[in-house]
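Multiple structures follow.
Two complexes are shown next, each including chain A; its partner changes from chain B in the first to chain C in the second.
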Partner chain A sequence: MASNHTTEEQRPVRHKVEGPKKHIVAFIFSILLTLIAFAAVAGGEINTDFIYIILIGCAILQVFVQMAFWMHMKDRGHTFAIIGILFGVFVVFTCVIMAEYWAWW
Partner chain B sequence: MSAHSHTEGQLPHEPEKATLEGRNKILGFWLFLGAETVLFGTLFSAFLALRDQVLDGPKSQELFELPLVALATGLLLTSSLTSVFATQALHLQKVKAMIGWLVITVILGLGFLGLEIYEFTNYVHEGHGFTTSAFSSSFYTLVGFHGAHVAFGIVWISLLIGQLLKKGLTVTTAPKAYVAGIYWHFIDVVWVFIFTVVYLMGKVG
Partner chain C sequence: MAHGHAVKRYSGLMDWLTTVDHKKIGILYLIAGGFFFLVGGLEALLIRIQLWKPLNDFVSADTYNELLTMHGTTMIFLAAMPVIFALMNAIVPLQIGARDVAYPFVNAIGFWTFFFGAVLLNVSWFTGAAPDGGWTAYAPLSGTTFNGDHGFDYYVLGLQIAGIGTLVGGINFLVTIINMRAPGMTFMRMPMFTWSVFITSALILFAFPALTVGLAALMFDRIFDANFFDPSGGGNAVLWEHIFWIFGHPEVYILILPAFGVISEVVSTFSRKRLFGYSSMVFATILIGFLGFMVWAHHMFTTGLGPVANGLFSIATMLIAVPTGIKIFNWLFTLWGGSITFNAANLFAVGFIPTFVMGGVTGVMLAAAPADFQYHDSYFVVAHFHYVIVGGLVLGLFAGLHYWWPKMFGRMLNEGLAKLTFWTFFIGFHLTFFVQHFLGLMGMPRRIWTYLDGLGFNQLNLISTIGAMLMGLGTIFFLLNVVITAFKPKNAANDPWEDGRTLEWTIPSPAPEYNFKQTPLVRGYDAYWKEKMEGHKEMTPAEPIGSIHMPSPSILPLFMAIGLFITGLGLMYSHGEWGKIAGIEAGFVVGGIGLIITFTCMIIRSLIDDHGFHIEPEELQDKGVKA
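Up next, the complex of A and B:
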């Protein structure tokens, strides 16, 4: 125990803890993307296909921001997390394409 | 106690990843979230295929009220921010601040759930019941599943607050709190797709 104690004291490692700044930036970014999406629909009078593109674009961008910063996916050691989620997304796209194809063509 | 290189009463840096059990818990939770993605994805694909099949029931354009959805989105988005603050307090090992942020997260989650219950009862009064049409069934299944996840998260985080009050921050409680934070963000991420695909695209037509 005692030897352990001294080795620990010999290298006083101060870990840096991240501040709240980048999370507030991610929050503001999310709010802005949400506002754009709601405004595009509430504003109306734009081409429907164009609104769809704006909506999908905002959603994907916002999810990317939230996963990277809030779910810590950009941090190291998240390879399996990314593989797990990507596999889920792969199944999701298969299902969506299948359902749309089955329903409309 | 094991001969660990940290002094007694002092938690290691990132206590949620300090033990093998904690690291396994986080990895397992990510695989669970992958499965959750599949669950919500299939519900989304069913909704997308059936959302125009309204029979005699109300259409999505007549039904949805954007201000209510915007308010619910604001609540859930803010609760995601407060839960990331809780995780930061965990890394700074400030238990009191952490519990405070978790309490705020739970309160915001309850507000969201209250709005959703109010919204659903309104819809039922407007003739949009679960069995009205394929649109209504797939709508309630998808949005209701998300609401159930929020309710589960509220119960989970509330119990976690109790455990943190009792046991404080240890290498056992830290992974639980970290994983609950990730769960709450995931719920928020699913909501981003719900308000986009269900409400906004439903309003456009």
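Up next, the complex of A and C:
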């Protein structure tokens, strides 16, 4: 068997095999967050300032859900992924802050 | 061990449409990229014919703008990127001792989405509205106000679809290089080309999302009447420039780093010496990749960012000259004292070094913000970026193609014709672009349709046009070489250059479907060379001969890409051009059908488990892949 084509069979098991339950919960939760954000804007009933707070709150929760469950940040052994994500965050922050600063102020 | 059930093996055309083999996908990338290289080259020749004399009327101003835009877009996205991906696919898994890439199916998706995105972009020629606002698509020029026809719809949607291909390709190679190296191949033992592909893939991962976001926003502006880049609606036109160059500057390093990798391999092989300063090369590559994200605003010095920002970006840009200089000196020191063979591959590599230095030096000149106000939008800039992209990347790709051709196809390219290719292309290149520096300094603006007599531009433009013809001739010699070689017997040896240093030269040319009969054990940098120096004929295997697990072919990637193509085409014509079906814009209906095709394929892929198949030990023969 090719050493570089097998995954589960040969490697030592790092973490317990878990069912899709957590992922389904996370998926429903992230859909829910999206719906809340849409409803807040589309409803037209809520004060604009409060909508901002709702949107930002939903966004932070959403990032957390995505990172923890879908990007496997909660698992161990993801050093490369974490380095990658941190570098991505660094690039995004540099670019967004600089571009916003020049474009609008 | 998983059960090995029979899998349908295709042959002929179906084999190519369903293949998930990285070597065949590499060849597909090469064919498609080569085709678009010819298209982009033809556009370049038409541009040069238009400019060969003052007040020429060979093409109309509108057509000229279309040619110019499509030349840039085609060459960057549809020619350079796929040929890079061709070499990545063909070579990287072999260099790291892997049997395939990490996600063979995704690899196929990457190719087909690129291909159909490219076709969609070029369909614009036949619908009478090619994009005509420059490859940078600056807003508001690319908005509906100034571009009411469908030109930029093709640009936005074509590039968006092709961009999916590039992005998944980059991710695929990141995972492959991290996870699938042969036993003993540590990061600091990886061949330089693999290192450069690794960094390139990381750049793709971080840079392409910016393009995706920019294109999506522009698409909303154009198709759904949003106002991201329309100042009259509260948008901001400069924002597009930022987004585009946040992607665009890393993109030029995405283009050049693989060429650096190729040159490192070729120079070291044909000098019969270990690459000088390997670890500093790795460090320099990483540093270039990192700094590449911090310099985008040097494309925008004249937008009025202010002296502090201009100064910072000036310095950051000049900093990149340091790691690049490290690389240049390392190549020179590799050549120094080596027993050098000047065959075609090495000629391209050695020709690359001074040419790229010239492009780099004009780069530092352009990085000086005060001077840039003078150079900006002149032919000086055109000369600069052609020196780094043609003189750098294209010479690098030619070097790589001549070097790895036997490994990809099992046949050696004709050396005489290859040298002819080099000399015509190389002389033609310098003839075309060297004079453009002076045209720029004399004040000829870029992207102009024609120029007046008596400005002193005439002779230099004529020289430039003659040079372009020579480059065309060089390309024809290369094509001729490819055709002639295709009729020769497939008899290249495992290590046809006899000085191969890396793992790809330990296996037959072309590589068999499963690459390595036994995964090799890597005992140092330049793994194969090390074994040779210790008197061994081949690598020590790291495993006994056993059955090999292979991914099964699939037609789904092709249909996913076709679905996206249909969606793109439909969305563009959703403003009443095609009438209505049951009260809904026909364009949206067509777009919906396309999405249904793509999502159906995705569902099929998700729900039907595909375990692949096994090649049993008795089937293992050292026969090459058919090409």
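One rule holds in what follows: the second predicted complex is superposed on the first by the 88 of 105 C-alpha atoms of A that agree within 3 Å, B and C clash if a C-alpha of one lies under 4 Å from a C-alpha of the other, contacts with A are read in each partner's own complex, and residues count from 1 in each chain.
Note that in this section a residue touches a chain if its C-beta (ideal position, glycine included) is under 8 Å from a C-beta of that chain, and two chains touch if they have at least 3 such contacts.
All figures in this text were calculated on a predicted structure; none of them were measured in a lab.
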Check whether A:I85 is in contact with chain B, with chain C, with both or with neither, and answer first, second, both or neither. first
With both complexes overlaid on chain A, does A:W70 touch chain B (first), chain C (second), both or neither? first
Which of chain B and chain C A:F50 touches, first, second, both or neither: neither
Should A:F27 be classified as contacting the first partner (chain B), the second (chain C), both, or neither? first
In the superposed arrangement, which partner chain does A:V41 touch: chain B (first), chain C (second), both, or neither? first
Chain B versus chain C as contact partner of A:C95, first or second or both or neither: both
Between chain B and chain C, point out the one touching more chain A residues. B
Could you pull out which residues of chain A sit against chain B in one structure and against chain C in the other? 1, 4-5, 80, 84, 87-88, 91, 95, 98-99, 102-104
Chain B contact footprint on chain A (complex, rising order): 1, 4-5, 7-8, 13, 15, 17-18, 20, 23-24, 27, 30-31, 34, 37-38, 40-42, 48, 51-52, 55-56, 58-59, 62-63, 66-67, 69-72, 77-78, 80-81, 84-85, 87-89, 91-93, 95-96, 98-100, 102-104
Looking at the complex, which residues from chain A come into contact with chain C? 1-6, 9, 80, 84, 87-88, 91, 94-95, 98-99, 102-104
In the complex, the residues of chain B that touch chain A are 3-7, 13-14, 17, 27, 30-31, 33-38, 40-42, 44-46, 48-50, 66, 70, 73-74, 77-78, 80-81, 84-85, 88, 91-92, 182, 185-186, 188-189, 192-193, 195-197, 200-201, 203-205
Give every residue of chain C touching chain A within the complex, in rising order. 1-2, 97-100, 178-183, 202, 205-206, 210, 236, 238-239, 242-243, 246, 293-294, 296-297, 305, 309, 514, 519, 542-543, 546-549
